Amino acid sequence: MKKILNDPENYVPEMLEGLLAAHPDRLKKAGDELYGIVRADAPTTGKVAIITGGGSGHLPVFLGYVGKGMLDGCAVGDVFASPSVDQVAATIRAVSGGAGVLHLIGNYGGDVLNFAAAADDVDMEDDIEVATVLVADDVASAPSDKADKRRGVAGMIYAFKIAGAVAEEMKPLADVKAAAEKALANTRSMGVALGACIVPQVGEPTFEIGDDEMEIGMGIHGEQGLERTKLKTADEIIEALLNPILEDIDLEGGEITLMLNSLGATPLEELYIMYRKLVELLAAKNITVHRPYIGRFATSMEMMGASLTIMKLDDDLKRLLDAPANSPFFDQSQYA
Amino acid sequence: MKKILNDPENYVPEMLEGLLAAHPDRLKKAGDELYGIVRADAPTTGKVAIITGGGSGHLPVFLGYVGKGMLDGCAVGDVFASPSVDQVAATIRAVSGGAGVLHLIGNYGGDVLNFAAAADDVDMEDDIEVATVLVADDVASAPSDKADKRRGVAGMIYAFKIAGAVAEEMKPLADVKAAAEKALANTRSMGVALGACIVPQVGEPTFEIGDDEMEIGMGIHGEQGLERTKLKTADEIIEALLNPILEDIDLEGGEITLMLNSLGATPLEELYIMYRKLVELLAAKNITVHRPYIGRFATSMEMMGASLTIMKLDDDLKRLLDAPANSPFFDQSQYA
Amino acid sequence: MATTMNTQQVVELITAVAERMIADKDELQKLDAELGDGDLGRTVSRGFTAIKEDIAATDDPGGDVDKFIYKQGKTFSNGAPSSFGALFGTVLMTGGKSLRGKEEISLLDIADATQAALNALMERGGAKIGDKTMLDAMHPAIAAMRKAVEDDASMGAFFRAAADAAQQGAEDTKDMQSQIGRASWQQQRSAGKMDPGARAIAMMLDAAANHTQEG
Amino acid sequence: MATTMNTQQVVELITAVAERMIADKDELQKLDAELGDGDLGRTVSRGFTAIKEDIAATDDPGGDVDKFIYKQGKTFSNGAPSSFGALFGTVLMTGGKSLRGKEEISLLDIADATQAALNALMERGGAKIGDKTMLDAMHPAIAAMRKAVEDDASMGAFFRAAADAAQQGAEDTKDMQSQIGRASWQQQRSAGKMDPGARAIAMMLDAAANHTQEG
């Protein structure tokens, strides 16, 4: 296993200690709970707080979006594992500013169950109101008639951004929840993997893939995808990512934002090579692109591959997307 | 070769076309020269223009730092190759705002020669004044009595940031050059490689490295390093990166900024694991850290490994470092 | 032979199950790698290790049997926070709650507690019988438990019957298509593979049968 | 046999050298992989391909010999923008400039042009003789050229002597420690390896000798 680490069992706590040492001006623990990372100035009284959470190994997802204009806190699991009920509850308590808390989490069994149990706890024990929105944007994971079963991938970042902007406007919980739901109703993702990653505590690749192979639709934890094929060209790959999205949501003639995301090892150069073809394909459908995000936004450690996320825009979503936001991992200043 | 690309020969031009399609609001070609990337609003009349350049495959280096508060332009070479004299000259012409141009480039033979030849051309043909500062921050590449022979790595980003901030203040060429020189006099870097990358036109890894090996001091193009050893722990590795820097520049009791940089495939999680130990080691020497940069700032495509860069600060450098800056790859807003 | 258990006996039973699950975690790991993400072995070993540690750390690991079982549910799910961890935690917590006030528990109590847990799982997790989950091992096990109670079976026979039925239920999941959780993303391709959670339930009951038959 | 060349003959000579360098690029690639970054094979093949293309694209590839050589220097360095590309481009540009106004060039002219190029290289690149670079092949080659001129050698013998001296110079670089360029970062470890740029110069002169000896 080629990794820079000490004891694999300490991968996550040491990572979190490093994070807190690096950004004490912007992040802190949720009380005593190391596995709860919240804004340094949390809670913000009167503001709806938004938290997410899930397994580690996806930086900047999840905790990288804790910051002004986005999330208030994040419950952190071990690599590819859910945070526990107690960790989620500690996070909720640390961010609650009296206006309610929104759980904005990926549609993964463990996370869904543990966040629900934590919501019960803080409801009963602290009278904190919690609403939940599940991210289920990966079109590869279920057909459109079972869209609620889909898993959540990079699309969650658009939900963080949109709901976060609404919360920053001091809107009530129902509005923040509705904004997240609207963002997600307009969002679809699709990924491709070329190479596996290694969970530190396991020490072996999560899946096997031939030197000349790729898998379209693979999940970010190595969940089996739609099709294993020979490695295709960049132009073919981006088409294979775009087409299932276009079949799932009508974008023709509209305006979108998009995220072309490396799963980790795939270099930015290759994202731009794909982007070149992508704008061509979109232009042919009269789809215009606002504020493309091209980079590493949701990774699987050193996995090789990429994902495409598209969010259909209206004036409202566009304004909220453009609002400033800032975290140690995501800085969208007034300039851009 | 596991890469998302079309014809390997088109790796760089297709990457550049994608880049220009993605960021037309912030970047444009240097006239007709695709291999010259400049700010969309270049030239800025009366401002000293700063350009850099070098081989592709290091994003965000080099062109990723073209933007407000940093560079005005970048001449782009093929993967790991210098841009040509004509490409550099076209870039100079596109950014020159009448106040002179600073070449701020890595100390690599091809780049040094071609930028010098281009400077001759624009001096003779266009009366453009050019000054040159070479980045030579990699302590692994030569002993301190031959420090001018060292190669340039991630430390160049601090030089871009500091010199860029001074240029933005509309200071004359001599001041911008002096600022770059001061930044670099205070800057040292050291890297470690765990895994190789593949130059697309070559199709094979640039070097061989065993499954349980690492190489301290390896260059970003796979130049042989100081020592090949068994893979060490994160704590040992960061110490091996820090110690040669501490031997080369006196930091004890001072304030620094630092860049803990992934060479590509190494995930952010592992950088934070190293950072945890790094602050411990620095604290033991009474060295305090201002604004740590932790992420991917200078890569070698999918190379696995990391580098540490340290710049010693004084009030002046600190103010210039904190100034806002913005490019599609680097956004330092007023918030942070 | 006794057909009731006091707290001390429950502690011993759970400890025996824990040992077995930690020892055989690789089998679950492999099944989950086929159908899910390959962490179920780690989940059960972490969850049961947490329970063992909790038992070891408590001076009198007994106390009220309902509270003990409830607490081990919390311990399991906090120690192994995956789907199965949360769900099996719910099984123990709900089971514990349904035994409220009992000093000793009977075989019928166990059948009823398992039924209560099943209901809670369906409510919490949204799965139905036949969705290819741990429910498909629990459901036939409960029927077998009730039949064993009717037949005045010994505790050993009770758990053996439940274990066999659960194992058959786990085998039957091979013919099902996953409707919920990670495995559902495999859609048609999930057919032919055994559900790892169902197998985990069968394995626990088998360990319980071995333990009580020894006694 | 003639000891001067007109433009047409220079074009033929450069074309012959180009063919050879493109054919034997792998040898240079390997040497540069040992001591540098392994791109010298690609550099020479790209540079000489650019020259061949330029010659093919020009109706009358001749014209003034000085201008022709100068132009091929620009073509080489823009076509192969690495250290060697820039430096060998400088060789041709400086050589061309030193032939200003000539219709035909003599062997002495060639020796003088090579000397002018060597001086320019030292100025541009900052290397000295003995720093383990292409200079260490050019320097002995110039001495051999001058001796051949003194000895009234034929053009073929002139280039053969230069090529042999250059090759000996390249061999001698094995004993040197790199003082400049990428190879210098290897410090002591550079000893024992042949400088790839020096070998490239020797290879070019060998190609020139083969071509002119055939004629």
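As written, the chain order gives the labels A, B, C and D, with residue 1 at the start of each chain.
Here, contacts are C-beta pairs under 8 Å (C-beta built on N, C-alpha and C of every residue); 3 or more make two chains touch, one makes a residue touch a chain.
As the structure is a computational prediction, the values presented were derived from the model and not from experiment.
*Asks:* Taking contact as defined at the start, I'd like the list of chains shared as neighbours by chain A and chain C.
*Replies:* Neighbours common to chain A and chain C are absent.
*Asks:* Using the average of all C-alpha atoms in each chain as its centre, how far is it in Å between chain A and chain B?
*Replies:* 29
*Asks:* Can you give the whole-Å distance between the Cα centres of chain B and chain D?
*Replies:* Result: the chain centres lie 33 Å from each other.
*Asks:* How many Å are there between the centre of chain A and the centre of chain D, using C-alpha atoms for each centre?
*Replies:* For chain A versus chain D, the centre distance works out to 56 Å.
*Asks:* What topology does the chain touch graph have (line, ring, star, complete, other)?
*Replies:* Basically the chains just string along in a line.
*Asks:* Taking all chains into account, which pairs touch?
*Replies:* Once each pair is checked, the touching ones are A-B, A-C, B-D.
*Asks:* Within the complex, which stretch of chain A touches chain B?
*Replies:* Within the complex, chain A touches chain B at residues 2-6, 11, 14-19, 21-22, 26, 56-57, 59-60, 64, 68, 194-195, 211, 231, 233-235, 237, 264-276, 279, 292, 294-296, 299, 301-302, 304, 306, 324, 326, 328-329, 331-336.
*Asks:* Which of the residues in chain C come into contact with chain A in the complex?
*Replies:* 36-39, 42-43, 74, 77-79, 81-87, 90, 124-125, 180-182, 184-187, 189
*Asks:* Which of the residues in chain A end up touching chain C in this complex?
*Replies:* Interface residues on chain A, with respect to chain C: 77, 80-87, 108-110, 113-114, 116-117, 140-143, 149-151, 201-202, 206, 219, 221-224.
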